[in-house]
Amino acid sequence: MQQHETEIRVRYSETDAMGFLHHSNYLSYYEVGRTELFRSRGGDYRAMEEGGLFFVVVSFDCRFHRPARYDDLLRLQTELVKVGAVKLEHEYSVYRGDKLLATARSVLACVNREGQVQRIPEDVLEATR
Amino acid sequence: MQQHETEIRVRYSETDAMGFLHHSNYLSYYEVGRTELFRSRGGDYRAMEEGGLFFVVVSFDCRFHRPARYDDLLRLQTELVKVGAVKLEHEYSVYRGDKLLATARSVLACVNREGQVQRIPEDVLEATR
Amino acid sequence: MQQHETEIRVRYSETDAMGFLHHSNYLSYYEVGRTELFRSRGGDYRAMEEGGLFFVVVSFDCRFHRPARYDDLLRLQTELVKVGAVKLEHEYSVYRGDKLLATARSVLACVNREGQVQRIPEDVLEATR
Amino acid sequence: MQQHETEIRVRYSETDAMGFLHHSNYLSYYEVGRTELFRSRGGDYRAMEEGGLFFVVVSFDCRFHRPARYDDLLRLQTELVKVGAVKLEHEYSVYRGDKLLATARSVLACVNREGQVQRIPEDVLEATR
């Protein structure tokens, strides 16, 4: 299925007192990965939200293998691994050079402004093919 | 004028590689101070937003005197120092014990959903008196 | 085993354009939960770090059931569910009133400043009993 | 004096319930601007920290002119406007297209691990010329 790679440089504000990238920031990085994967297929998540549909995170399973530090230039690989009627599943891998730092898997559901689950619209599905 | 004091404990995720509270977090703390000051006067900022009015930050002048660290229990003093037709000005001081760590001054403007400047509604002004 | 409950109020800076608490902030909340659980047992994580030992996050499995919003007062339950020679496992539940919003499970490993896995020191184990 | 321009795309996690980039994130963006300005002159802030010297923020004066939104591609201009024996002053401007969104000015001081003010080392001054 679809895969996309993007680079992210660790910001000072994202580090913690241990001197490492704080693990909560990976969730923001993974979101950047989804945005860029979707954009690379002609999708526009912002337009989708303006149309009243949203993807909310249902679950996130994260593994942290090695720490990242300030100013590290990371490679984030984002892959769409499953497309359902109302849900998308992604897998993520973060590398510094050839070292694997972190992996994760997420499930997102399509909802409307009231939070009710909705079928993923056809043009979004289009961009997932 | 009005003053309010609230306690905030520094979270690990808010520290940086220097071992200090990252300075960007003070802006979030000051926002907590404004929320709590407003609540202490019977105001409800969330209800105001649901009614279509918002306070946006126009300017923020911050001074950082001494660093804070993980798990420090800070005292945040928030004071409303000026009330105009469309703007509010606040001053902030952060203490650890009797040591002054940081001070700031902000200007906020009342806007509607389209970002147009609006007169501050009477019930909000009420809560500022 | 040990359990602890602490209250956390959602900050404006933690919300996102959907109007919800952004899911990445739950990881910071869970860290607050661990700190307070440890403190409630007489532990002092900051002192442990000053002594050169750290707990790093190995994995985090998160489920998001219902969204939280600005100014929601949340109850976070943190439970230590497993204590190994070098690892700790925690479970977390976040409630608003009696509604369950999110759950998670984490594994942490004890490491030294060089990132090498270490036995959890006796006084820390003491606080886990 | 020196000037540098870098692009930053607004992340979803950086937005708030108003639908705008939360103002606290500008401080993180400005830090990215300083890092990239310094790198463009052959400096290496990470190496400087590893050598035991740090720049801490003394003051930050911020003006917010127009809001930014999710996925906006911003241009950040960072300029070193004053170099003293122990302090650096920077000015920042954030644009979306030709619209000016925010401006700021900061003062940083050079300190050692104990937080004592130090003369800026010669090789760092070199990179400021």
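Labels A, B, C and D are assigned to the chains in the order they are written; within every chain, residues are numbered from 1.
Definition applied: a contact is a pair of C-beta atoms (placed from the backbone, for glycine too) under 8 Å apart; a residue touches a chain by one contact, two chains touch by 3 or more.
Just so we're clear, the structure is a prediction, and the values are computed from it rather than from any experiment.
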item	value
Interface with more contacting C-beta pairs, comparing B-C to A-C	A-C
Most distant chain from chain A, judged by the mean position of its C-alpha atoms	B
Gap in Å, rounded to a whole number, between the CA centres of chain C and chain B	27
Distance from chain D to chain C - Cα centre to Cα centre, in angstrom	32
Centre-of-Cα separation between chain C and chain A, whole angstrom	23
Two or more partner chains touched - positions in chain B	12-13, 17, 20, 24, 27-28, 49, 69-70
In the complex, chain D residues that touch chain A	9, 11-14, 27-28, 31-32, 35, 45-46, 49, 69-71
Sites on chain B touched by chain A in the complex	12-13, 15-17, 19-20, 22, 24, 69-70
List of chain D residues in touch with chain B within their complex	17-18, 20, 23-25, 27-28, 31, 49, 54, 56-64, 67, 115
